[in-house]
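Below are the structure tokens for one structure; questions will follow.
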Amino acid sequence: MVVEIGGFAVADWVTLAPTLVLVAASLLVFLIDTVEPRPGSSSNAVLAAVTTVGSLLAFLVAGYLLVVGVGQERVTGPVSMFNGQLVVDGMSLFFVVIVGSVTALVALASYDYLAGEAYQAEYYALVLLAATGMSLMASANSLATAFVCLELSSLPSYALVAFYKDNRGSVEASLKYFLVGALSSSVLVYGISLVYAASGRLQFGAVAEQLGARPEFAGVLGVGVVMVLLGFAFKTASVPFHFWAPEAYEGAPAPVSAFLSSASKAAGFVLAFRLFLTAFPEVGGLAGGDPAVDWVVAVQVLAVVTMFVGNFAAATQEKVKRMLAYSSVGHAGYVLIGLAAISAPDSGFVLGASMMHLLVYGFMNTGAFLFVALAEQWGIGRTFQDFNGLSTQAPLACAAMTVFLFSLAGLPIGGGFISKLYLLAATAKAGTWLLGAALIVNSALSLYYYSRVVKAMWFEEPDGTVEIESYPTSLYAAVVIAAVATVVLLPAFGLLSPSAFNAASGLF
Amino acid sequence: MAILSEFYLLLSAAVFSIGLYGILTRSNALVFLMSVELMLNAANINLVAFSFHYGNVTGQVFSLFTMALAAAEVAIGIGIVLVLYRNFEDIDVTKAATMRW
Amino acid sequence: MAIAGPVEALMAVALVGAFVVFLAPDDSAGRIATLVSLVPVAGSLWMYAVFDGSGNGLLGGDLAFESSAAWIALGRYEVAWHVGLDGISLPLLLLTTVLTTLALVSSWTPIDERQSQFYGLVLLMEASLIGVFTALDFFVWLVFWEFVLIPMYFLIGVWGGPRRKYAAIKFFVYTNVATLVMFVGFMALVFGLGDSVSSFDLPAIAQALRTPGELGTFFGIDPGTLRLVAFTLMFAGFAVKVPVFPLHTWLPDAHVEAPTPVSVLLAGVLLKMGTYALLRFNFTMLQETAIANAGVIVAFGVVSVIYGALLALAQQDLKRIVAYSSISSMGYVILGLVAFTPYGFGGATFQMIAHGLISGLLFMVVGVIYNETHTRMVGDISGMADRMPWTVGVFVAAAFGYMGLPLMAGFAGEYLIFQGAFASTVIPAAPLVTGVAMFGIVIVAGYLLWAMQRTLFGEYRLATDYDVSRAPVHDVVPLVVLLALVVALGVQPRLVYDMIQDAVNPLLHGGVLPWW
Amino acid sequence: MAGVYDFVPAVALLPFLAFVVSLFAGEYMPKRGAEAGIIATAGSLALSVWTLLTVAGITGPATSFNENLYTWVAGGEGAVTLNFGILVDPLSALMLVIVSLIAFLVHVFSLGYMNDEGETGLPRYYAGLGLFSASMLAFVFSNNLLMAFMFFELVGLCSYLLIGFWFREAAPPSAAKKAFLVTRFGDYFFLIGVVGVFATFGTGLFAPVEGAETLASFPELAEEALAGSAEEAGVNTFGYDPGTWFTILGLLVLGGVVGKSAQFPLHTWLPDAMEGPTPVSALIHAATMVAAGVYLVARMYGFYALSPTALAVIALIGGFTALFAATMGVVKQELKQVLAYSTISQYGYMMLALGAGGYTAAVFHLTTHAVFKALLFLGAGSVIIAMHHEENMWTMGGLRDRMPVTYYTFLSGSLALAGIVPFAGFWSKDEVLFEALIHGLGSEGAIGTLLLVGYAMGLVAVFFTAFYTFRMVFLTFHGEPRTDTARDPEPVRWNVKGPLTVLGIGAATVGFINMVPVAEVTGREIDYLHKWLAHGDISVTTTEHYGELLHTFAGVDPAELGPVAPGAVSLVLALAGVGAAWKLYNVPDPEEHTDKLGGAKTVLMHNYYLDEFQVWLATGVTVPLARAADKFDQGVVDGVVNGISSVSLFGGSRFRRIQSGVVTNYATLMTLSLVLLLVVFVVAGGVV
């Protein structure tokens, strides 16, 4: 198969270039570490640079492909390869952009964060491999590849969370993450097997074709669909398979938390979008008629419950990082609106909203966690009180954190404002008033707890015991870049929203 | 005589439930891992059985992937159990509960 | 149509100025910020001088200083940067720029820490306020509308009084929820319009909504119900900002805790956002619904007037008194809006300006006294006239202005509203309802006179041990300027009223209303 | 061509300039701003006199003037235009002269009362006087109701500022507050009335403005509406019968009158207002604030004359107030208090006259009262200077010999007030009562009876008036000095005596402008005021026209009765009052006879408990209501808000416990939710 990119005819697998870049980078990291005379002595700078450049390259390439229209309606249409096991289209490229940007930020921040730690090369390699898995998830077009990619991203993540293997928190987080993950993947794969039982196919399109609107084994299929849904709920940290998230994010090294809560979540969502919209549209009643398996309503329920669980639990947290973890759960609930309100006549509008939210979320949430990483570096403690009066010592970082938090809360200081209102508009457009109401209530609550951090940083007096001595450059750079990106995404929202909309519309 | 596919479904459901039961009742990390293996294998039963039912090999091939991934998962899992033991001097998963609420 | 014009220039000056001030040293930040803010003042005065708009900006009138550029596509909906001025927005723009500068000057004395941040935030707020009153695209407008909260949150939270954190978060969350509620209401309308609009351009939407039959059935909700639902949601959302009983309780807390210059802007400009939005949205776009439910709406207005005044009567804190009386005064605006008469709309709009100036003045003068005495409690001070004669003189003038003394702006606004409401054919039992609402002018006199008697007159006494002296000149200058404006607008309301009237008259033409 | 009418605005603008100058430059002037005020009011007086002469036709043909000068708000299509304009007709020309004259004299007197006494804050004082005069003058020449209201309010502001002039003491600020608040309460109704008039007629003009297009006045439109149909006249009566609606409007406007002119039940502010400097009291009582109310009724008499109900109400309020206030004046111990109640009482007479169709009588009494009341107050001021600001009459006595100028002028004023022939008050009060009587007798039905009731009350009040007036005179000036201060009073200077003399002569003579009984008896046409008001360029503000209206619409008609007999009755009553006072108090060592009144004394001293009642309304009803509202607001309205937040946070803090930290529990919960979802969506087939 041959596709055309920017005027050049190239083999179709070239469209997977972003993923390939990530793979190459991870191998390069391994290589560098291997050729080092003494194990573990490779330069942190070199490793971080390779990882950052690699993921940045993936980000740029994906962005380029997105801009020139690869895999999109206006040029070639979706590029399907390996017998339809993988597909490159606007949707996949869009999410690779998200994953690439988050990975780059995380890698950049990790340079300072990891300074002096052992097993640096392994860390970077695992990050890159997980990123590879995530970027492939965006392209996975069959239940088989989906599962494989998902595991490819999950397994390094477990290890990454346990990176501080002498730290009880890190280990405990990893254990819970792993155990919940293992249970979830069994549920997922069992669900896949049931879907296979009902349809005899694994490739998404083929499944849909085979099932039609009135599948033969509706009961089996129903169980399968619900279990698959929950399997993805794990990946996106949605209720009820979210239990790992607060602990994993809290215990993990902060850059890893950032990585998981932003990139991993996005990858989970893209897979869910693609699966449910290309494999189960008709059984879900999207093509009209009564649904055989009413997964849309199930998603609506999950979305509402996820919002409430995440935000209400976040509201009274004592630790900032754990609050961010719960808020991450809450945001999963917001993004689920993309699927929950999908029955609207103009579904691209709704799904596009979710995608844009994930994109913005990639920057603002990553930034917030990286700020926590910064605070961990400073050793000022983890609770809200520990942040008191921080703005007097680190105004720039605090300003950046304020941008992240307000953008997360949906105030017009960053792209999060438009993306959240876009979601709210989507609920109105779909006529799902309950979702809209839930979004409003939770958004208000989230504003409350986000501003607790802001309050601590700006309103409270410092207790005078904390002296910040170091200003780690790369961590600062990552935070500031994320902040700038978050802010710029407000005026520049329009540069990306058509891509999201088109990519979303392309799925139907 | 071919066994009806429904029976395979029942079998796999039973195996899955056994695995689930193990997860719910046992707090030993290794037993936990084993139970997960059972659940994965329940899926494999389905895959293989319905591969036969539909006369395509997709399911069988996928079950190979599943097994490989299960192995990888266990490898990671064992590693985590190791550090768990190192930090908590126990492999009881309910003991590691410092982070909550 | 230009893609950028004077409006953008004003915003840019404030915005860039804000960042310059953020980086400026503390001791010169106030001066720099004030100087910067003079540019928007000069600019808006120039705009006033050369203003050539006519008609209502939302209903096809000629906009002045209009500019437009494509911005964001949300699905098939285009969000465009679209700003422009008509006779309603220009006075409010002037109010914003002038009051900001005066508030900045009045901050020199009370703000003694983290000055550069304070002044930068005020400028940031100015930039967004300019946007609120000039934006003609819903999303653009919404960005500014919400952005205002951010500097306000900090201004209350960092520089406020003892309960500043509580007040800040209450204000923040309350108004944020209001925005979201209102947003859903508006979106339902936009989507209900279906294919007939493909943008969030306010004029386009307003005109579509005023065209009978354009609004379709939306998810089984018939157009009438949809209008009612949207009206209710939007009214509730805006009512928080105004604020209208019973959604007002954030206001006294915010006012009491906010530093005085911030109260000035809060009462002077921010509350006007609510009534401005009501005028632009509910009472322009959904007139049918407003008319059908005039009885309910007017009840909210009248209750706000009387209830707010009664609450003011029960207060001991001077700022709280003024805060509650703002609720009362803004209730008149609701009364005027729902009257659907030329003077109703015109008076309501004029009252926004008038109340902005007068409440700003009153807050400022309370602030000047506070600067010297460090208390605002009625029982703590008496006989201030003895020590601060000129300040007290302004206080008396401002208080009488607030009571609606003729030849001051407040009277003009209130009178026109009463005139408009009395003759309304929309309000049920209009003369009676108007008469009841007007009783507010008696209560307002009651509490202001009482407060003045206790604090300004009598034997000089002060419960705090501060050395009271005459206020510095830069504290008094803003007072004098505001007082002069209040008197000027009271003697000659046409300075702004003519353009207001020109802009509100089309609201009564055509569309759903018979013209009377 | 620049005629005098082009300068009419200057009548008000000059004192306004004085206000500005005194306020900002008074500190640097030798007399602390008095110069500006004196020059300005002198200028106003000159212009007013010139205007009067012009209107009278002495400088040329008799003319009037009514034009809109300034558009305050132009409503555009569908809304009325609100203008400022000037109406100069015989009534306003006369009033301008009175006001500017009194204002001028008060300014001069203040030199003695304030400057010579070494008061501080004089620039503020003179600024207040200037603004007061300006507002009142502008009110007088207003040509429409809205403009009148606006300056009416400004008059109220000035009274507040001046009554509270001595702000360092406790009582004046309180009195000032009360004055403003009580009158504001009346003005509330007035404002509704103004709004109503504009909404009803689309204009607030008192008299038509001639021009390219003649603008009709609202009394004319009302007349048309009553005569024909409301629609034809373009009048919106809001669904009411025009007569009823006009009565409602009239009574609403009357609210402002009752407040400002201190009529029952809104008279309570006025005695308290004595806390202000005495010259201010003179100004308030004689020519400005209190006069404004009555003047307003006279100004829009064409409207009231249409409504018998409104007339009856006015007459009854007037008659009752006249009597009611007079009884309270009997027991007062302070000089100025007596005068205060006499003011209330005298304005009651004017209201009685207006209500009874005696328009000329009211204006006449307004004129004479302005002169003699200003005189009495200034005289009282002179006494107060002499007594070192002691006001209790029981500490005085025997001042006659020590301050003769004050005594004789004061006596002149007192005779006028008591209504003794031939002093001014006799003529005017006599005419008031006469008009009430003849209209009461001449009118059919209820209104006639009510007018007679008013007349009766007014008649009884004559006795009391004479009694308290001379009680005051005797206690103050006659007998033996009762204190050291009274034995050796402080002398007063020319600036006190000058105004007193001018007014003293006036009080004796101003009644000659309208000696109706004499005219009747002699047959000579010396009832100049009648003639003055009967004709005019603007026909709708003449008494001729009012007479027609009263006849046609209100059914108020005069009976045929000579003025002499009724005049004699009231004179006898007045003399009886004087005699009683003579008997009781013109002794070397008078004693308090009030105790003989028994329980009535307490009631009278407490002013019939009306103050207490009004204070109770404010502090016993409104304040608790406000407190209750505050409690409700804090507890319920805000409580709900805070409650929602507390409940959410509490819910959150409980809810997060579900995250127990034990991974097995997580697995259980996950399994449970899986089962739940399966049951709902697969077994039950969806939520719906």
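Every chain is named by a letter (A, B, C and D) in the order it is written, and numbering of its residues begins at 1.
We adopt the following convention: a residue touches a chain if its C-beta (ideal position, glycine included) is under 8 Å from a C-beta of that chain, and two chains touch if they have at least 3 such contacts.
On a predicted model such as this, the values are computed, not experimentally measured, just so you know.
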item: Between the pairs A-C and C-D, the one where more C-beta pairs touch; value: C-D
item: Interchain centroid distance [CA atoms averaged], chain A/chain C, Å; value: 41
item: For chain C paired with chain D, centre-to-centre distance based on mean C-alpha positions, whole Å; value: 37
item: Distance between the centres, which are taken as Cα means, of chain B and chain A, whole angstrom; value: 26
item: Gap in Å, rounded to a whole number, between the CA centres of chain D and chain A; value: 77
item: Per-residue multi-chain contacts in chain D, two or more chains; value: 645, 656, 659, 661, 663, 667
item: Of all residues in chain A, the ones touching two or more other chains; value: 175-176, 179, 183, 187, 246-247, 313, 448
item: Residues within chain C bordering two or more other chains; value: 173
item: Complete list of chain pairs which touch one another; value: A-B, A-C, A-D, B-D, C-D
item: Residues on chain D engaged by chain B in the complex (per definition of touch); value: 656-657, 659-664, 667-668, 671
item: In the complex with chain A, residue positions of chain C that touch it; value: 70-76, 79, 139, 142-144, 146-147, 149-150, 153-154, 157-158, 164-165, 168-169, 172-173, 176-177, 180-181, 183-184, 187-188, 191, 218-219
item: Chain A-facing residues of chain B, complex; value: 5, 9, 12, 16, 19, 23, 29, 32-33, 36, 39-40, 42-47, 49-51, 53-54, 56, 58-59, 61-62, 65-66, 69, 72-73, 76-77, 79-81, 83-84, 86-88, 93, 96-101
item: Contact set on chain A toward chain C in their complex; value: 346, 348-349, 352-353, 406, 409-413, 417-418, 421-422, 424-425, 427-429, 431, 436, 439-440, 443-444, 447-448, 451, 454-455, 458-459, 490-491, 493-494, 497-498, 501
item: Residues of chain A that touch chain D when the two form their complex; value: 175-176, 179-180, 183-184, 187, 219, 222-223, 226-227, 229-230, 239-241, 243-244, 246-247, 291, 293-295, 297-298, 301, 309, 311-317, 326, 445, 448
